[in-house]
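Okay, got some structures for you below.
Shared chain: chain A. Partners: chain B in the first complex, chain C in the second.
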Partner chain A sequence: MNWEKKVSKRFSESSRRQVWFSGLFSMIGMGVGCFAMIVSLSVMNGFETLVHSKLKGFEGDLRVSGQVSENEISELDGIEIVMPFMERRGVVEDGNDQKVVSLKAVDVAKMTDFYNFPLRGKSPEISEVVIGQDLAYRLGKDVGDEIMVYSPIDQSFGFGLTPKTKMTISGIFSTRILDYDDRFVFLSLHDGKKLFKRKSGLDGIDIRVLKNFNVSSLKYNLAQKLSDSVTIQSWEDLNRSLVEAMKMERLGTIVILSLIFLVAAFNLAAALSLISIQKIKEVGILKAMGAPIESIQKIIIRMGFNRAGKGAICGFILGILLTLVQNQFGLIPIPSDIYFIDALPMVLFPKDLYTVIFISFLFILLASFIAGRKLAHTQIKDALQWGK
Partner chain B sequence: MGEIILQAKNIDKSFSNGKTKLSVLKDFSLDVDVGQIITIMGQSGSGKTTALNILGTLDQADAGELSINGKQVHDMNETELSTIRNRDIGFVFQFHHLLPEFSAIENILMPTWINGADDRRDRALDLIEKMGLSERKDHFPSQLSGGERSRVAVARALMNKPKLVLADEPTGNLDEKNANKLIDLLGKINKDFHQAIVLTTHNPKIARIGHKQFFLENGSLSEKA
Partner chain C sequence: MSFNFRLALRYLFSPNKSSFSSTASWLAIGGLSIGITALMLTASIIHGFQKVISEKLSSFEGQGRIQHILGNQIDLTNPTLDSLIQSYSKSFSPFVRGVCMVRSGSHADGVLIEGVKLLPKAISDYPNNKIKPGEIVVGNGLAQELKIEQGDTVFLQVFSSGQSSPFPRKIKPVMVKEIFHSGLQEYDKTLAYIDLDDARNLFGFENNFVSGMILSDANIPVIRKKISYPYFYESWRDRHALLFEWIDIQRWPAYIMFGLIALVGIVNIIAAIAMIITEKSGQIGILMAQGTHRSTLKSIFMIQGGFIGLMGGIIGGLLSMSIIWAQLKFEILKIPAEIYFMDQIPFSFDYPAFGLILIITFIFCMVASWWPTKVVTTLNPAVALGYE
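Presenting the complex of A and B:
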């Protein structure tokens, strides 16, 4: 055992009774801070993962926009399935009710394989559409009902009424993400080509990547293979503002929860300052024997870690345990009609654990350093005369 | 003349208390040879402790030069001063200043721990035996008598085999019997280990052990004829 460790252990033991209260508070504070941060981050991760999987379930992992053939893309490694599409702002109408929507014409044969969302009914065939549940609710429609669909931008200029196509609702989907359930209407490519008269071909192809295949490397391979006229975007690129908002939310959570650490750090600094005052003479003796300033700092820092570090480790372990138990047994329920899952999702990534460890250790280090700095620089003769 | 282990030249030291300035040491000069015992006698408040603090680098002089083992103290940074205090100087204080959290043997070992040297428990046991404290090695300072604590402090000062031992009124807190015992011990150490000792005291009887005896009066040092 190195001597600084030995001295800090003995100093801690001898001062435990005097600074029991503030020492305990700093320990509990660090523990609560670690626990709260781990639980909050894991819940955020859980919901983020849910949102990400829903987004990917709706849009795929990558989107190639522009004139490109399906065969050209399908040859590449790592692709699970591709979905060619045409997309246009259009209108759905039921009597006097009109709603501006995104008409998305897709290869209906692949629809159930590509899209990963609950669908009541079936995929659309010719003259059929699949609409979101919010839109169905607004229009008061259900599976089997009919609506009018048209694309104003594709109508030729001139006099007369805009031609409208009557289509049957073959299915109603529910994603519960952003405004997708209110905005999107799926139809077949056959109907799309008829409706979007001004379009010369596909708008692009959505790609779902094989599990565990690196999306970035496929994106790179696509960029190498395809011409510069096409755009390749990941689902993160397509939802940049949402992804950024989630990152900000995560940062905000970390900053706010760090305040718990800050309060615990104040307690720790107070406890260590109290010990420092009690140990001035002993520090003077050590310095007279040749102990350098850095060693005195190390002793105080070790005392800080000895107190608050135990709390931090306990909070850390409890947080991980709660996450594991929740994932295993689903102790905390959430309404499944809103989230499509029964229990609160909790996911922990290694980087979050490192973040919590880093922040808790940083606060302990800072509090101990500040508390020990003055003590380490005390003049030896003054320290030796302390209490005389 | 032997090899000089400590040389103080024209040291001045004063303390300021608001408007008044109290001069404690004036033109204080002292040479200490290897193996020499120097005693400095003076009344309480004459500046003996201040002088020893400066000679031991525990305090800084306002003016003058100090060299220990041939090295100028003035040019050293805090780390180098710590090394000097650990390797070249052993301190024995009036109030023993043992660490209450550590046993006698641990107190003695502390300078070697700080030094980062290998475990030198054998030397510590040897020293504690020489001090007649073998039975008390695992006792804590609070379990030792005043005389025993002083002897532990002496053993601690000798642990790193320093060339210079500075003893600030080591007998000040002891009864006559224990004081004589400690002084005999210091004399024996000087003979056995050939360490230079600078000892301050206000007791003329104790001052007699010095190869050279000095008086400190009004901040000035003068050698006894």
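Presenting the complex of A and C:
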């Protein structure tokens, strides 16, 4: 045991009750900070994973756009399922009510395998469509009703009627992602080719990658194999602004919750300077005996960690415990019809734990350093005369 | 100035530079002001979000709209409506609404067209807000998608409704007069304005017919009673009720999170007062021995707590006000518009909430400083002086 450690322990033990008391408050402050940060980060991660999985359930992991054939792609390793599609702005009409939607023609045989969203009814066959629940609500339609579908962009400017196709609603899906439930209408590739006269072929292929298979390596392999005219985009590329927004929210949370640490650090600094003042004579004696400034600093920093560090660890453990309890027993419920699961999943990544540890460590160090600096630099003469 | 006030202030602004009690008090003030700033900014953002949304929605949609319950055309010569419109002719303006395709070169998109006499105030300071025949005003989201600029000509193509199908589909060239930027994605991407008569012509409305009436004055109380089947009145608040409900739910987690910062700040006050009492216990002992009443001694520390609360409130208040002012003036913090409805963090001055926050924190401060003063009542002068 080195002597600084010994002295800091002695200082702590010999402090009076109220001093111990104020140390307790800096412990609580740090604990609350750690706890709040861990819980909110894990809740955020949980929501993020939910949104990721829902979006991936709708769009797959990778999208190849351009003129490609299905066979070219499905030979590669790591592919679970592919979904060729054509997409175009079109109109659905019911009487006088018209809605502009995204018509998405897909391979209907694979639809239930590819898309992970609750579907009431069944996948569309020829002359059938699947619409989102918001659109169904707005049009006042249900499974089995008929609507008119057409694609004005594929009409020439001349005279004549817009060819409309009467389609039956075979199913209603609900994704609860952004405005998807209002915007997308699924139909079969067969109908798609008939409707989109000006399109020469597929718009692209969505790919779902096997679990545990590296998406970026598949992306690389695809880029090697396919010609330069096609673009390959991952889930993140397609939803850039959402990914950015989530990153920003995470940063915002970390910054704001760091304020709790900052306030707790103020408290710690106050508690440590009280101890400093009470022990100033002892410090004067130590300095007179030849103790270097760094040693005095070390003693105070050690005391800081001894108090606030304990609180931080408690908050840390409590936060992780709550995460585990939530995942085990599901204390915080979320609406299950929107998310398919009853309780909010809380997810903690090692990266977040490191961040929390780093931030709390930084603030404790800073507070103890500042509190100790003044003490360490007090003149021996002043220190010994203090209180006289 | 009374005795206890003088003593409290002396403890705070001690002439002795390294006085602990003033350091601890200033640290407590700092912590509290950070907490108050965080809370006030939260309140400001929540209020600002509501305000921005309300202003935009009401400016785009008017205070409310009278429409046919089935979305049919309305005859303006209809006696019930006519009498209402005659009596408040200044507050009503007719509109014609329809969906159509906008084409520019090979780009096309579906838009919601509103035919109006006057443009909403939010769009322009354009002379009289008038829109001339043959002109169109579109949102910037739509302009980007179609790659059009001011002065370009675009084609409006109506999807013929069933009845008029023997006639050629109408295609109308219009000049882009102005591009508006509301910050609300829904409007910027899907809304366009044209002249009322152009719209009648385009959508096949007779001269006296409209889709509905826009009400620009909220102070017509009879409106809901006077409008009856088959017409209905819907205010913009009714129309977007879900959105406001969502904002209401969102505010509580935010208040709790930021309240934690203030809570740690208030805990700091307890610690600071407790420490000051400990430090000054010798002086308290002397005062007691001289016959100072215990309640006077208690009030000294209560005044200190109150002073910390007051200063924290003032500093926190000024800090948050200046942050809000800076954001409003220079628009520093931007957010992705696609996800959040608006493109920058919507701060606003929510004075009632600010006042409430200040009052509540001040009350908490008084309670927090009262608690450690209980020690004073149990302090024995002999013991207190014994430490010296």
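Here is the rule we go by: the second predicted complex is superposed on the first by the 376 of 388 C-alpha atoms of A that agree within 3 Å, B and C clash if a C-alpha of one lies under 4 Å from a C-alpha of the other, contacts with A are read in each partner's own complex, and residues count from 1 in each chain.
Everything below uses one rule, namely that contacts are C-beta pairs under 8 Å (C-beta built on N, C-alpha and C of every residue); 3 or more make two chains touch, one makes a residue touch a chain.
In this text, all values refer to a predicted model and were calculated from it rather than measured experimentally.
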item	value
Dominant contact partner of chain A by residue count, chain C or chain B	C
Contacts of A:D113 with chain B and chain C, given as first, second, both or neither	neither
Chain B versus chain C as contact partner of A:A270, first or second or both or neither	second
Touching partner for A:I285 - first (chain B), second (chain C), both, neither	first
Chain B versus chain C as contact partner of A:D145, first or second or both or neither	neither
Chain B versus chain C as contact partner of A:D237, first or second or both or neither	neither
Partner chain(s) touched by A:F11 [first = chain B, second = chain C, both, neither]	first
Chain B versus chain C as contact partner of A:D97, first or second or both or neither	second
Chain B versus chain C as contact partner of A:K374, first or second or both or neither	second
First (chain B), second (chain C), both or neither touched by A:E70	neither
Touching residues (chain side chain B, partner chain A) in the complex	53, 56, 58-59, 78-79, 82-87, 91, 93, 97-102, 110-111, 113-115, 156
In the complex, chain C residues that touch chain A	18, 20, 23-24, 27-28, 30-31, 34-35, 38, 71-72, 98-99, 101, 103, 108-111, 155, 157, 159-162, 165, 168-169, 171, 190, 257-258, 260-261, 263-265, 267-268, 270-272, 274-275, 277-279, 335-336, 338-340, 372, 375
Contact set on chain A toward chain C in their complex	16, 18-19, 21-22, 25-26, 28-29, 32-33, 36, 40, 89, 91, 93, 95-100, 150, 152-153, 155, 157, 159-162, 241-242, 244-245, 248, 256-257, 259-260, 262-264, 266-267, 269-271, 273-274, 277, 374
Interface residues, chain A side, partner chain B - complex	3, 6-7, 10-11, 13-14, 281-282, 284-293, 295, 379-381, 384
